[in-house]
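Two complexes come next, and they have one chain in common, chain A, joined by chain B in the first and chain C in the second.
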Partner chain A sequence: MPGSRFWIVLKEELGRLAEILIAVLVGFVIAGILMWLGGYDPIAAYIAMFEFSFSDPYYLATTLSFAAPIMLTAITFAVGVRAGLFNIGAEGQLYMGALGAVIVASWALPGPLYLPLAIIVGSLMGAVWGLAAGLLKVYREVNEVVSTIMLNWIAFWVVEYARVYIYPNPIDASKTISMPPAGRLPILIKGTELSASLIVSLVFVGIAFYLLWYMVLGYEIRATGLNPSAARYGGINPKKAMLWAFIIGGIASGLAGVCEIAGRPPSYAITTGLSNLMGLGFDGITVSLLGANHPFGIIPAAIFIGALYSGARGMQIVTGVPLEMVKAVQGIIIIALAVPGIIRLIRSKIRRGGVKVV
Partner chain B sequence: MNDIIVQMKNIVKVYPDGTVALRGVDLEVRRGEIHGLLGENGAGKTTLMKILSGLLRPTSGEIYIAGKRVHFKSASEALKHGIGMVHQHLALVPAFTAYENIILGLPSREASRKKIEKLMEETGLKVPLDALVEDLPFGVRQRIEIIKMLYRNVDILILDEPTTNLTPIETRELFHTLKELKKRGKTIIFITHKLREVLEVTDRITVLRRGRVVGRTETAKATPEMLAKMMVGREVVMKIEKKPAKPGEPVLIVKDLWVKNDLGEWAVKGLSFAVYSGEIFGIAGVEGNGQTELVEAITGLRRVEKGQVILMGKDVTNKSPGELYRLGLSHIPEDRHKLGLVLDMTVSENSILGIHRLKKFLGSLLNLKWGVIDRHARDIIERFEIVAPGTKAPARSLSGGNQQKLVVGRELSKSPRVIVAAQPTRGLDVAATEYIRKLLIKMRDEGKAVLLVSADLDEILQLSDRMAVMYEGEFMGIAKPEELTEERIGLMMGGYKMEQISSKTSPQPVESR
Partner chain C sequence: MGKVIRGLSSSAYIGIIIIVAIVVGIAAYYAGSMSAPKTVSTTTITQTTTITQTKTITKTVAATPTTTTTTTQTTTPTKTTSPSPTPTVTVPPNAPKKLAVVYDIGGRGDLSFNDMAYLGASKASKDFGLELVEVQSKTEADYLPNLRSLARSGHYTLIVAVGFLMTDAVKQVADEYPNQLFAIIDGYIPDKPNVLSVLFKEHEGSALVGALAGMVAHHYNCSAVGVVLGMEIPVLYKFEAGYYWGIRYGEQVYKQHTGENIKPLNILWTYTGAFNDPAKGKTATEAQLAQGACIVYNVAGATGLGIFEAVEEAAKAKGRDMGPPFAIGVDSDQDWIKPGFILASMEKRVDVGVYKAVERALLYYAGKIKKFGGVMELGLKEGGVAISKIQDLETFLTIAEQAGKKINKTQIIEKIKKMRSEIPQWIWQEVDKLADTLKTNPDVEVMGLKFSQIEKMIPLDANEIKQIRQQLGVPTG
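And now, the complex of A and B:
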């Protein structure tokens, strides 16, 4: 029965929940100490943060609107991890996806075609950007960490160039041309920034789950990540599996980029210095780690990080704690999260080398 | 002499996933004896000894060491009581020298090269202290483990299936060592499935089956048949019936094959042979003479530098494993942890590795039909009597022997035309060994070609219709088993060509290249 399999997978994958909750707690406590040292009242700050992220529909909508794109960029990282990769290229792939949407926005098209074409072109451009790192990894043995960082920067400058010289907005020089209204994702709650991009993200997360645990390609990707030699023995081409993981990851981030153009008021465009895109790819790494690299862990994790961002505004307004404190919370959580992971890694390395047999 | 040094009373162990591994086991070991712990795969031998050596805690039950009740919380506490275990998968750091491994974890004041050298002198356990462990053969690594334990003043030495990866000569040396240690007053607990070994080296035997003690005996009063019956719970046919082979077409042809090992040296040097449908072709030889590389080259896992592999009439040289499987190849690999299984995947997931793209497992969305797959896995579990918590348990949670059965079961369930079986019964108990050997013969009788590579000479002699002995990448000769005496095989394993031995002149070793 697929149902029972579903629960097994979920249970097995979210088994590290305790570890994650502790990391989150540690993040809050240490950041609280920092605030206290800086002369702020951490309790009041956290209360404000919570109020401004969940307390009424408007804030909740803001939280969810922040959560949507980082769910997708988290999928990029998570699929990579499942294939045994450390793909941190979501950032660049997201830029390329956004550029794809702007390119489509620049065309003269019948209204209903804008959105589907933006989605296709944007995710394809993200996929190509991911694939580039994949090809370098598979055929030239370039470590994907190095190649994706470089590709992130290349994407930044390519998109920045395109923003200034190819697609500048004739009315407002601080951004590119906007997605025409016909090509925009509908707003879900009036007066908020929450658009149907949340639905796009949730659907894609579901697809990623189905792909990884129910489809033959996902099986091959996971086998490759867990034991490449056995995968090869099993007639799987690990190189192909890795390339697919890069492609799927690229599609996810490309899609995130499209959603930022087609589904984020007020600009519906790329703004100066890519300021409205910057960091969304890297936040995906945090989200994926928090979500145990599992699609269904990623959803609450993305909402949590989204809440941090929307709550940060409240924290600043009410208690004066600078917005950047949220980054500190995030950073500390990541470090706290990494500790058990690192210990596990060392342990398994040692065990593989043969020191300890448990 | 007769006092009890280890007493385990009513030990029960339930693993966190609910598997009941031990159901009230009593074990008594006398001071200074070699005590054999015999049992089928999954009987609970490893579990019981992990409890004694402090690696696992019993769910209930009592342990007394020299009459005193103990509660071990860790392996180091057990070590303080003089109990040390050498695991089946050895626990050494490959990149360290023998010496560094021996003193690993000890405070530096307790590290004394002189003392180790003295210990080696006294026990006759010689190892090159300055060699890197990764460069040493398995038998020597095991000796390092034993020295490591002795250096920590272990009085009770537990060895978990110590002979599985040893060559016959190394096994003999190990037994010699064990007897030597016994003379020096050490108590040894020896886990094995091999009846011959347990009869040769132990003083008393405890037999486990499915988590219970089913027999205790003095070795002097035991017979192989009786032990086998206790282990399995029924009579075991020790001899395998075999009809004469009816070989048909050559379905696997190897022509002038040259293959390199990981270090870039020639491991297979121009081998040519054919395996016919309806026959078992055995390759004997001391491990490390190129058998692994040969098998990997034939099964698409290692590059063929020169020569040809022809499968079912098609040239498949350097083709991918997937393509070979589609032509009807099955491969039982010698290393189940590295190749045969993805340990962190479930039994179901492992049961389709290599056949996961078969139509019957695939839905219209290129999705895997888990219902069909789970049934397939349950089928293998039933047919091969695999002890597993279920199809959704990770393969890691199966005992070593049951993991092997899972691999064999999967490979034979593929309805193959050609089966390449490397060490197919390594680590299996008598019943499972018998079962798998019979199955290989049955496959042969159904007209399949079997290439059997095994370091177990009995296995080769028992199963093969034709056999070759491999030495340094070459065949010393191909013959029918009945044409060869054990002595002649022994000489061939040591590097004498068959012609040299038969032509009554004094044998000359082949100079190695």
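And now, the complex of A and C:
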């Protein structure tokens, strides 16, 4: 009976939605108490937050521009989870992708070639960085959490070195050379920061969805994630599936890095201390958990986190809440949101571990 | 239908449901504001009309002589009791009533650059009766939205961008909002009518600390003095050039005053390549101390904290609780950080820069100046740079206390007073004399190089600094 199955699924999902709503509410209340203790008006701050993230086209565009890159880094984590991996290497892969775009920007090329080459080189470098962790996992059984964290730092210093010594901007040593205008993603709405990177992100999320649910490789990845032993029994090579999960994730984050260089005004470059890239990879984990590790859940989740960041401006400007407090508020809300997802993830890991022991 | 549902993973629903929820939420918000449009829209209309009204008023005022503004001007100075620059301007009726300060990723709490910008802005907001709004930037991607959000509201007399990292963003937003006034500290945007670039004559202040270093080094019979720098960028060449010139000037004065036949000092310099690496600052300083330097100038931001440490350790190793060796501080009055080991500081008064920028914006709104934009260079004469004085400590110790540092004010001040008294009084007087000279006559010549010649070469490039080093007997590197 398809009808009854539909209702069971709907009930389950409504339960999950309620869970998220409760988490949001709890997060906002706790953060509100924190602001109130700090001597600020939490209601006014939340109103300002909403105002500066959705209330007019400019703010909406800002929100979407912040959502675009974290959508991609969320795909990195989500594909990993689907393959049973805890891949937190999006950060480093994003740095490498950005470096790839800067390398292409340093070449003398005919204008129309910059963007496609930047995308290719950037996503390849991201993929290679992801693959490094993948190979360690598959052939040396190095825990991917440890290896990706270490690779993140290696990427940070490699890119920072390249910024200072290989590709510095001759006019302004605080950043690398910029992507030439011909290689930039066009701004979608004039006078905003929203560039075509949003379209790139949405398309890639669509591809990731198709790949995971309508292609053999995606089936193999998901089967490996659900139970590697059963997958092997079913004729799937779990090692191959895991490696592909790392590669796809690397491409996604590398692409995010390229988009930040080719689509983020005004500098279109890597800036000192990688300050324009820092944190985007880790935000992806939040987004993915919040979006139930599903491509279609990731889109609204990324918009929510983007709104949180863009709304932070309103909290500072309207209510005078200092940035440190705003960060704490964001952190509390994010933790509250991530808790159910993490609990579920851990629970499923334990369950799977139990199966292995038997 | 059932097949499609099974095709989508169960968790896909959640995404769809959230999308619907957000769309509904936004729709509800807009619907709400539309269904009750009277209150919302009328307020916006009245706002716009008042703006146009004030505009027409100012036009008529401009046509008639500006007697009204002059009368308000005469009444204000008696009201304010602030210490140094008493405000000569008030907020004209046509000017917006708020003042915004946007910090770069460095942000508040650095006890120097950014905190000084705040100091200037808060003083200006108090003196002129403007509401101060501060915005910090979490990442570089925040510069543009921060500036745009402020500019588009039209509520701000002036938006101050603190730090040269924001140069590109200010350039872009200034073009988009030509009626909004901006000021950028340390950034160079000379060609926009609505942007004021506030720059500092670091070479003047550096010449003063250089002269001090030159004389003190000879007083203690040292063979060398040094400078540890951050990243090799053109701004730092200004510090270098001024410092070397000052050292040679100091030597010349020392010779004249004491009549001794002295051997010229070796001048050592090191670029550490970083502004935020105290460990590198410490190693570089230790190397210079080993080569006989007894004074090391910090031109390296937070890297300089390592300089202070190295100097303190070297002095303590010789059983002294005071220099030599000494360090020289930079930007803010850093004398208190290691009291007794920091001879003086080259103050770059960002607070003065911000204050003057606000003042200029108000003058512009009042119609007293025709052009707001351009470059405002602040040197000794304008109070933009200075050598630290005992009296300055009070202000900077207060900043430190506000930032949560636990310090013993009186003990620190006593120790610094004692250190200063160890050095012959005439040396301090000579430094003050040089400050006066540079204000009036920059043609003073040392080793065939006039100070004004250095000034003319600015902005310096790598070749020019090499040339200056050569002429002043500094290793060219």
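Here are a few things to note about the model shown:
Note that the second predicted complex is superposed on the first by the 311 of 358 C-alpha atoms of A that agree within 3 Å, B and C clash if a C-alpha of one lies under 4 Å from a C-alpha of the other, contacts with A are read in each partner's own complex, and residues count from 1 in each chain.
The criterion applied here is as follows: contacts are C-beta pairs under 8 Å (C-beta built on N, C-alpha and C of every residue); 3 or more make two chains touch, one makes a residue touch a chain.
The model shown is predicted, which means the values in this text are computed figures rather than measured ones.
By the touch criterion defined above, A:T271 lies against chain C but remains apart from chain B after alignment on the C-alpha atoms of chain A. By the touch criterion defined above, A:S147 reaches neither chain B nor chain C.
Contacts of A:L323 after superposition on the shared chain: chain C is touched, whereas chain B is not. Contact with chain C, but none with chain B, is seen for A:L17 once the two complexes are overlaid on the shared chain. With both complexes superposed, C is the one of chain B and chain C in contact with more chain A residues. Legend: residue contacts after superposition of the two complexes on their common chain; A:S174 is shown touching chain C, with no touch to chain B. In the superposition on chain A, A:I303 contacts chain C only, with no contact to chain B. Residue overlap on chain A between the chain B contacts of one complex and the chain C contacts of the other covers 2, 5. Against chain C, the residues of chain A that register as touching in their complex are 2-3, 5-6, 9-10, 12-14, 16-17, 20, 50, 52, 54-55, 58-59, 62, 66, 164, 172-174, 191-193, 213, 260, 264-267, 271-273, 275-276, 278-279, 291-301, 303-304, 309-310, 312-314, 316-317, 320, 322-323, 327.
By the touch criterion stated above, chain B contacts chain A in their complex at residues 55, 87, 89-95, 104, 299, 301, 320-322, 325, 331, 333, 338-346, 349, 353-354, 356-357, 361-362, 365-368, 370-371, 392.
Across the interface of their complex, chain B is touched by residues 1-2, 4-5, 8, 210, 214-217, 219-220, 222-223, 226-227, 229-237, 350, 353-358 of chain A.
Of all residues in chain C, those touching chain A in their complex are 1-2, 5-19, 21-22, 26, 29, 100, 105, 107-108, 133-146, 148-150, 152, 164-165, 167-169, 171-172, 176, 231-233, 273, 276.
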